[in-house]
Structures are given as C-alpha cells and as structure tokens.
Amino acid sequence: MSFNHTVRVYWEDTDAGGIVFYANYLKYFERARTEWLRSLGIGQHKLKEDLGAMFVVSETHVKYLMPAVLDDVLEIETVITHRGKSSLSLDQKAYRKQTTKADHLGRLDNYNSERSEIGVAKQDQPASQLLCSATIRIGWINVQTGRPARIPSFIQEIL
Amino acid sequence: MSFNHTVRVYWEDTDAGGIVFYANYLKYFERARTEWLRSLGIGQHKLKEDLGAMFVVSETHVKYLMPAVLDDVLEIETVITHRGKSSLSLDQKAYRKQTTKADHLGRLDNYNSERSEIGVAKQDQPASQLLCSATIRIGWINVQTGRPARIPSFIQEIL
Amino acid sequence: MSFNHTVRVYWEDTDAGGIVFYANYLKYFERARTEWLRSLGIGQHKLKEDLGAMFVVSETHVKYLMPAVLDDVLEIETVITHRGKSSLSLDQKAYRKQTTKADHLGRLDNYNSERSEIGVAKQDQPASQLLCSATIRIGWINVQTGRPARIPSFIQEIL
Amino acid sequence: MSFNHTVRVYWEDTDAGGIVFYANYLKYFERARTEWLRSLGIGQHKLKEDLGAMFVVSETHVKYLMPAVLDDVLEIETVITHRGKSSLSLDQKAYRKQTTKADHLGRLDNYNSERSEIGVAKQDQPASQLLCSATIRIGWINVQTGRPARIPSFIQEIL
C-alpha cells in the first residue's frame, strides 16, 4: 500500500541549470514521509517533545532519471518495504504528473483557457513520468544521546 | 483583495534553534506569489521561455514577530499595494493557523482522536497568530540583459 | 569597524533564473554574522547549551541591486550600527569581488593560465560591485520561553 | 589522490533535531566537487555558457553514520573512482575535524583562550570522525536537450 503526496516545484527548488537541484528531492521525500506519518496520526514534533526521540535517516540511495523543472507538479509515492525493531526501509518515487485543473492544488478557481495562453504551459506529456527513485533507511534515535533505540511498540503497531 | 496560500512547516524549514530559519519565510512568500500569479493564469516558467523576461525581487522588508515551529500550518496572505509600470509592491503576512482536521491539507482522513495523543499536538491557541509580516517590491527584467523592463500590458491588465 | 567574510556562489544558491535566489543572501548574511561573533570568541552553539539563550533576527530590510551568479565570490561586510540592551542593529552588504588567484579561497594551487581558458571566467569588472545591501535587527531570547531577554553583560562588553 | 574541501556548519544547515539536515550533506558534496573541478581549472558556469553542457548527478548512495552539529568544521574528501566516456564516479566522505585555531578558516585572528570559555566549544574528540560517506555518479548532459553526451576530451584529459 502506497501513500501519495503532491508537491509543486518552486523557484527555491531549482538551480542555474534550470532544473531541480539534486539535494531538493530529499526535501520532497522528507515531506512525503512526514505526511505519511501524519496520516497515521504520528506527529514528529510532539513525539520529540514527549518521548525525547525521533526518526533520522541512516541511508539513502537515489537514482535521478529525468529532471523536473519550475512549475512541475510532482507526486511522491512512499511504500514501506521493511519494518525492523529499530529501523524502517522505504521506497520513494517522484513522478511528474500530467497537469490538469485538478492538479493545481485547488487554487486555480479563476483559471481559464483565455489566460492559459499567456504563461501556463500546455502539458501534453503522458499521464506521469518517473523522475527520481529512492530507497531510504530510517532509524529511531534518542535525541539526547544520539544513539539508536527501539521504535516504541505503539508506533510499530501503527506502521 | 487578498490571496491566501497555505504551507506546512517541515524539517527542512527549521534550524537548531527549533524554529523556522529566518530566510525560509522568503521561500514561503515566494511560493505564495507564484500561486497568486498562477491563480491569475500567469505561469512564470512559460513566461520566461516565451518572453525571455521574469519577475525578480528588488526589495524586502520583513518583521519577525513570533517563531513558527515544526508541523505548524501557516497561511500566507498576499495583497498587492502598488502597481507601477515596471514594478509591483506587495504586503505578505504569515499567520499560524489553528490546526483542525480541515487544515491538515486533506491528508488526515484516517486521523482520529485515539491516535492524537500519540504525537499530533493539541492546538488550543486562538484562531490565527501573525508570525511574520513583509513588504516586498518586485521588478520585471529581461533575462538576457538583467535590466529592468516594462511589465507587458496583458500582465498589467490581469493584475 | 567592519568585519569581512567571503562566500562562494554554488549551484545550491542559484535558481532557474540563473541568479542567486533572493532568500539565499540571508544565508550569506547569517554566515557572516556567525563568523563575526566567532571572531570575537562567541560560539552560538555553546552559548545556547550553556545559557539556554540565543540571538534571533527580528527585522530585515534588504535591497537587491545586482544579481550574483554561479562561481561568483562575494564579500560580506558587516558593521554594527546600534547596541541596545536586548537588541543589535547591523548593516550588511554583499559585494562581488574581482576574482584573482588569491580570491579562490586558497584552493587553486594548481590553477594555471593554460587551463583558465577552458572554463574559469575571465573577470574584468572593476574591483568590487555592491550587489545587495541590508539592515538587520537582532534580539536575544530565552530558548525555552521564546521571550526577549537582556543580552548578557559579558557579550555586551565584547561587542 | 584525494581532494579536500572544508565547510563550516551554519544555522541554515541544521534542523529542529539539532543536527545537519540530511539533504544538506549533498550541498557540501556538491561544493566539494565544484572546488575540485575549479582546482583543475574547470569552471562550470563558463563551461555551461561556452559549451551548452554541464555535469549532472545521476545517482547518489549516502550513509549517515554520525550527526554533525552547529559550528562543526567538516572536511569533505573527494576521490574519483571511475572515469567513463560520459560519466564519472566519485567517493565523497565528510569528516568532523578536530577544531583548532587553524581550522577556523583564518578568521579567528583575535580568538584567544580567555574568550574561549564564553562560547566556543572545547573540542576534545579525536582528530577526525567519519560522519557521512557517499558514492556519487555524475553524467555530462547537453543543457538544451537534457540528453547525456560524451565528456569533452580536454576535460577527460584533465580528470
């Protein structure tokens, strides 16, 4: 079962090559993991305050297949592939979505075809293209000591 | 008339002080301006390709009133205050929203009260607090020369 | 008396407009303030751990005069203009330096003129150009409460 | 033969967990690659303008072993491990350096031991600790088409 999270490419994400800077996919993947945890009722800020512990990334393996550009809408797909006692493994993929009205995050109510010729790109690529594919390993650590710890059982059960 | 855009505070936005790093409000404000332009049918990526011109920020004046923290939902309010021939002025404000189910960007369908005790913070602050207030001046430049230019009339009309 | 700190423009700093993204000057200014404090023997990480307090930015006023591009070397000049009991004001300016061997941060030992034609830009602009000018106001806060506090006297004396 | 580049951890690099955000090591690695190329006389900005081509990252594999914190000085070691016709492979490692006067990037002229007690951390860890280890694959692409291309022979020779 996968969790999908949609992000928009803004100026801050791009570099002078005209494409999304390679480190920024890790930002998108982190946002998607946070929203996935939130969708399960797990809020990281409060966990850190209540338990003095947090998830940290221990390993990433990322393949950059195609570049994303300004204004692209990316769908980040997150699938859990391994649940250990003190770590998790996830597959995360970034797809460029076919842009339609509905993809504009609900903020294009007054969008109309007369205006589209001015500057909103006509998208005629196929439904979605895989741009970036990652395997991410996450551990659970005690914030004070920085040491790995067992993921609390109530979190294990939710996952 | 104001345009509102909602952003979530992620790990990437915070710093070791536990709060949103001051430069990152400028990222939120830029996203809000982009979505405001998009809501008017103006896509900056295509404009740059078609016209060889783009908006650039020429001046910012930002007051940081209260810090935002991880997991906060911020509403960015954008109001145009001056329309010149080659520049615009905007007021942009970041409010912390009272977090409710509806504010979770539609991704908390399976959120429930049993789980909320685990890690999703109970928010009992008032409806919204002003965290950061900015005046932003934007110019229109030719990409090749880097020089200021007149904002095209069809864009002036839309604005 | 001014404090000067040199930064290099990397891919991470630029955006698809081919220039340094406007928020990133605030990163340069922060680095310069940190190095200025360090030059006075003030380390912020340890201060935060020892005193539970830290400097935070309360107001910024930035004028963007000329864009910086990839590979530029910028000199950030920091001058303190006001010392209050719980706040400081600083002027910070970013200049593009005339690039010479010496400016390459000491990492161009094997740089030579035969190679320079391949890809290292010949810089023939005047000695330095003012790109970005800022007024920054900084307060001192208690990390736990987030409230403003008096800057400790031993820091006041150093400043 | 390895190339070493030193970076400082600033507020911008850290997150609310008190450590360097995982994506930011990719920024450090990119800076180190840029300085390594520059040390060979290869400037990427001018290459892009002259040849319409640039290096892009096609794959990263990163292991996060120990966290870096604010004010740390990191040494990034870069070693080329494979030279192909249209791609390169590199090993990049981030070490925390034992902080001494000399490590402070030459900006601590007026640093002294009386002041060190105020806020500059006493570092008594061993000479250097490996924090983060990466394998990076880089390709050469045509900027217009985005397609892989052969690395020009004069660059191959330099590398």
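To keep things simple, chains are lettered A, B, C and D as they appear, and every chain counts its residues starting from 1.
Here, a residue touches a chain if its C-beta (ideal position, glycine included) is under 8 Å from a C-beta of that chain, and two chains touch if they have at least 3 such contacts.
What you are looking at is a predicted structure, and each value in this text was computed from that prediction instead of being measured.
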Of all other chains, the one whose Cα centre sits farthest from chain C: A
Shared interface numbering between chain B and chain A [over half = same, under half = different]: same
Distance from the mean Cα position of chain D to that of chain A, given in whole angstrom: 24
Computed distance of Cα centres, chain B from chain A, in Å: 20
Distance from chain D to chain B - Cα centre to Cα centre, in angstrom: 31
Shared interface positions of chain A, touching two or more other chains: 11-12, 16-19, 23, 27, 30, 45, 69-70
Residue ranges of chain A in contact with chain C within the complex: 11-12, 14-19, 21, 23, 69-70
Complex contact set, residues of chain D against chain C: 5, 8, 10-12, 27, 30-31, 34-35, 38-48, 50, 69-71, 104-105, 107-112, 114-116, 118-121, 154-155, 158
Contacting residues of chain D [partner chain A, same complex]: 16-19, 22-24, 26-27, 30, 45, 48, 54, 56-64, 66-67, 143, 146
